[in-house]
Amino acid sequence: MSTENRPVRWDEMTWPEAGKVTSDAVIIPVGAVEQHGPHLPLNVDTVICQEVALGVSALTGVPVIPPLTYGVSGSHGDFAGTVALRPETLIAVVEDVIDSLHASGVRQFILLNGHIWNNGSLDVSAEKLRVRHKDSRVRALGYVTMYPGPEVNGRVQFGRGLMHANFFETSVMLHLRPDLVRMERATSHVDVDSFWDYRMDQVSETGVWGREVSAANAEHGKAEFERCVQTTAQAVSAAVREPWPSSAHRPD
Amino acid sequence: MSTENRPVRWDEMTWPEAGKVTSDAVIIPVGAVEQHGPHLPLNVDTVICQEVALGVSALTGVPVIPPLTYGVSGSHGDFAGTVALRPETLIAVVEDVIDSLHASGVRQFILLNGHIWNNGSLDVSAEKLRVRHKDSRVRALGYVTMYPGPEVNGRVQFGRGLMHANFFETSVMLHLRPDLVRMERATSHVDVDSFWDYRMDQVSETGVWGREVSAANAEHGKAEFERCVQTTAQAVSAAVREPWPSSAHRPD
Amino acid sequence: MSTENRPVRWDEMTWPEAGKVTSDAVIIPVGAVEQHGPHLPLNVDTVICQEVALGVSALTGVPVIPPLTYGVSGSHGDFAGTVALRPETLIAVVEDVIDSLHASGVRQFILLNGHIWNNGSLDVSAEKLRVRHKDSRVRALGYVTMYPGPEVNGRVQFGRGLMHANFFETSVMLHLRPDLVRMERATSHVDVDSFWDYRMDQVSETGVWGREVSAANAEHGKAEFERCVQTTAQAVSAAVREPWPSSAHRPD
Amino acid sequence: MSTENRPVRWDEMTWPEAGKVTSDAVIIPVGAVEQHGPHLPLNVDTVICQEVALGVSALTGVPVIPPLTYGVSGSHGDFAGTVALRPETLIAVVEDVIDSLHASGVRQFILLNGHIWNNGSLDVSAEKLRVRHKDSRVRALGYVTMYPGPEVNGRVQFGRGLMHANFFETSVMLHLRPDLVRMERATSHVDVDSFWDYRMDQVSETGVWGREVSAANAEHGKAEFERCVQTTAQAVSAAVREPWPSSAHRPD
Amino acid sequence: MSTENRPVRWDEMTWPEAGKVTSDAVIIPVGAVEQHGPHLPLNVDTVICQEVALGVSALTGVPVIPPLTYGVSGSHGDFAGTVALRPETLIAVVEDVIDSLHASGVRQFILLNGHIWNNGSLDVSAEKLRVRHKDSRVRALGYVTMYPGPEVNGRVQFGRGLMHANFFETSVMLHLRPDLVRMERATSHVDVDSFWDYRMDQVSETGVWGREVSAANAEHGKAEFERCVQTTAQAVSAAVREPWPSSAHRPD
Amino acid sequence: MSTENRPVRWDEMTWPEAGKVTSDAVIIPVGAVEQHGPHLPLNVDTVICQEVALGVSALTGVPVIPPLTYGVSGSHGDFAGTVALRPETLIAVVEDVIDSLHASGVRQFILLNGHIWNNGSLDVSAEKLRVRHKDSRVRALGYVTMYPGPEVNGRVQFGRGLMHANFFETSVMLHLRPDLVRMERATSHVDVDSFWDYRMDQVSETGVWGREVSAANAEHGKAEFERCVQTTAQAVSAAVREPWPSSAHRPD
């Protein structure tokens, strides 16, 4: 773990410093600017993901680049405000970012995702990286993947309802940016399991997908946020020390 | 369920028949032609996925198109035989297939995946479909997603080792195409959990990733295959009858 | 010629076998899924092309990969059932397939075409291959190009009318897949020579383009099919033994 | 036929004139800038094709746009001087040109090709036009396709040897631009039939492919050129008057 | 001018607020993450451009979206740290951003550029916007374009030397983010006029291009920054009130 | 300066001559085919740019390739006649042309532009060249950039009104191609300064943008044209002799 507990911001270094950075790993936060119901700002995914990334960097010393602010948000449909990239555009952006960082000596790439509809594009980016840069390794993961899930807090789990502008996201924003949360407009939307993956405007006219949103609170948000940071940091810290594998035959 | 228990093959219809097909759903099987160790043929993923798709079609009456034979297999690295599409190419193929089927009246699209590295591209395809065809719905799923996992058979689970040229795939191929399996060359590779998602040639020189491969048998393969078909068919059968959702506000 | 007269199916080999295949040539069948009138199934072009390719492989020992099932069929227009790729998509698919096979050691590429509207894309693919892989050679040809034409059978020639869902294709399908032919719905369409290359829906509401379709028969189909196989096999057999050329000046 | 026998040059009109042109057809000449042996300039294909196009325009009154000067010439290989477009680039250029002309009211498109390796790209362009502009019709043809071939002149035919920097092209250039022909460096290259379509630098170190080149003469070139113009003009003149087809069923 | 003098941050609004924003104009800041000599951080262009954009928004009430952080920086060459997009990637990003904002009702687009090598891509973006969204208007401009140039401050002008990691940028960063400036490593590079536009690594091994860099100071930076903000704000304020033009003939 | 004062036309050379050309620089003229008011032909930009390029070649001995006839003209809007490339298409064309010329040994590339809306695409092309061909240098410039502007002639300057189908262009065309100018239809359009960059059809129904067009004359056109040629030739002549830069540190 880093001794100073300050994040290593790639973009605040000079070029000679970037050439001498001790870690050959980097964290690439990927967010979104998209509708989050009537009570949350458009920037929820970018704000949370960037804050988690900075926290992880502070705990591990792995540098973090500025977030890819815009993501794949077309599946919200016709809400105002959303600024969406086509999947192909995000794939191109990540390819260029990875190629540049690789030219600077980076060999371990953590694509830290703050928006679930980015998953497909980031999986494609990981595939392309594996094929293109044979000396590198990659992992695309969501910042909430690394911890056991909200039920560890003793609360009931909300299935897919966990996903958007919900109790969890509202709580974390109340912790990180309470000035941007309009709790007086908070509302819930009873989530329903379905086979199909619908557009948001097909299933929720408010843009909210989750229960008990008005019960969100900063205390819960702080606990969840810190758990996200610490669990991800433990994984990343172990990852950058993970030995490079051998392909030698290992029969059982 | 279909009364006749025969699959509805889209490509065996004439054009007037295709214009009058009763279901507006379709199954799109997506496979791969790639190394599967020294004992399995290159076509494992396409064979199994196509057979599952035909079985599901027979049980549900949902038409199935010929498989997208080639998939995203670049992450195997330098084994001979693999024929891989770039992710962008698969995305383009699926886009064209979907646009054509939509022009023929299809409104429910099931992307049935037989190869895990296709996931990113198919997620991107689903995203593009949702945005492009507002009157349609889509689901990308693996044929093994729909059932509870091999542990229900009483066997221990093999973690990621489940994935490639392993006990499961070998058993299913012994059931479906025993003429193509060279059991005398079957070997195992002790799988290890890792943070990073490596290329196959970085972690297994044989191309196998899984334990107890030589214990594979047709009986187990038959049971697993039938479970895949039936569980997927139940989900698909329910899916095509799933009411289209309302977006009306439903507070808790 | 191969001693065993069985086709060499690339996808049924294991990867070590694919690395040791004796021929450095490969046949890439390219078909289509598109309307073929009220009496033929959508898969005519893929079925015939694949069967010819397998026959040629059996006679020559040159491996054949699974067919590129979908082709450039947009020029049919508004018939139901057709599943068409954009030309650019087929070009991308062939580029990926060729690059993969080249990485496996293939140096002679036969693009065997079963659908005339694929011609432009395959010519582009050949051009790209010639420029990209300087150690390779390529030929794009239709399976009917290699034989002198139907008139050798003593029948009159039907000009452009030869082309679609006609006497020839119906006969060959009656030989290969009689279960898929609905002869009771067979009809003809008097072909007319024209300067312009029209969409099919501009010139034939049935999707048929050819005369005497109801006279089609399996016997004729068998003779035509076998002639296609044998003539193409002779050409391929000579092609893989053709000496690599010299560019040395040879004035007359 | 036009009464004044002057070509109608699209680019010499003002915009109000272009909006009132009487023909809704246009000729799009497509050439190449590529090696033509030690005795011919790089611009042979563009020069001849443009001159044929102007001649056809003069005889028919169909407007002609400035030539697409550069073509798909990568298959020459490592000769100096060639300026080649990728096939995809030519396809994009033709798509833009066609879309612009369609917006100006053009509905009949003649892609007049002066370089055989452009064929694939122009076939793709024709396919895209047919699908994209449903009210239009298209034909891609070479300027030498419309006449019966050199053998009608009583000379022996040279098979594929007809193709590049040969007796025919040299003769036509001696007629059109004698100042650019270096007959003192003219040489022949004995053409050989082959199965494969090779790069030029694989088969001819001089870049010539044809016999009796030093026998080329302006008189023969003039006759051939005029035959190309007149035969193409007859076809074009009939084409623009060809009735639009009916798709009504016409059984035999 | 806005009464409250606070910037209107698009991403801090909720979606209902974004749907009711009073201005139909938006500012899109475009920066870069690239080497800026041994004394300035990689993020200079994004920091300054974003701060100017926020200042302009505060003075005019025109909303500003989060900066496009990464730009076209490949022409620096082999310095560490730079994270560059290909021009095509930036064009795709801006196209998606503009299409999203247009769907939210925006009709006036100000592409505010903080990095000169973005110019070509942004000009292309403006061209594409003009053609694609016929009801909109666009302007791509640098934040330093709107004011008369540094000479108004009484200092001599430094020609092209004005451009990179120079007296001007260093001074502005000393004003905005003094914590990120390493003045002890500041150095100059005597700029030379040239016909050609070189890569940075061809002309300056330090990555600096400008004189008197060590004389940079926060006071000058503050004056320059404020002048950039105010001059740009005046132009923007007038622009959003500029009447939509008439195309009626106005002869002199 | 060239002793013979004749342009060096790349396309009139044979390939052995192109391989031995003494200059490693080349001029790439880029024009447009687009509306130029009711009195000028569509080809103004290509004609003038090509003539300037030929004049510069004659004075400097730098070879010139045939013009890229079509440019980025979509921003004119709905006038008939214009044949426009998408910006991406022009970028692809220039990339291919540059790659081909580089393979022929060219290392200095002058993109000589005759149409202002090509600027963005050519700047992108220059950026791509700098990154892709590290041993080369490039400059994109307009043929009117190199000289001090029309005011040196003693006439008043017309601001942006200088730009399209105006006094300047009309005069130059009266000098170069008087047969194509319809002075009886010449009209002016009072130009107005604006913040936004509008489409032409938004600001001028005639397609003219400039004053005193009917005063245009061949004498003025000849003087302007010759000044363009000579000033550009001086710059080019110096440019090809400009020493390659050193990146060594040069502090002030």
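A few comments on the model shown:
By letter and in written order, the chains are A, B, C, D, E and F; residue numbering begins at 1 in each of them.
Throughout what follows, contacts are C-beta pairs under 8 Å (C-beta built on N, C-alpha and C of every residue); 3 or more make two chains touch, one makes a residue touch a chain.
Predicted, not measured: the structure shown is a model, and the values here were computed from it.
Between chain A and chain D, the least number of touching-chain steps is 3. Although chain E and chain F carry the same sequence, what matters here is overlap: shared residue numbers make up over half of all numbers found at their interface. Spacing of chain A relative to chain C, judged by their CA centroids, is 48 angstrom. Each chain gets one centre point, the mean of its Cα atoms, and the points for chain D and chain F are 28 Å apart. Looking at chain F, one finds that residues 86, 88 touch two or more other chains. Round the ring, from chain B by way of chain C, the chains line up as B, C, D, F, E, A.
Touching chain A in their complex are the following residues of chain B: 72, 74-75, 77, 86-88, 91, 108, 117, 119-128, 130-131, 134, 137-140, 187-190, 192, 194-199, 201-206, 211-212, 235, 238-239, 242, 244-252. Residues 10-19, 33, 35-43, 46, 65-70, 78-86, 88-89, 92-93, 95-97, 100-101, 103-105, 180, 182, 185, 207 of chain A are the ones touching chain E in the complex.
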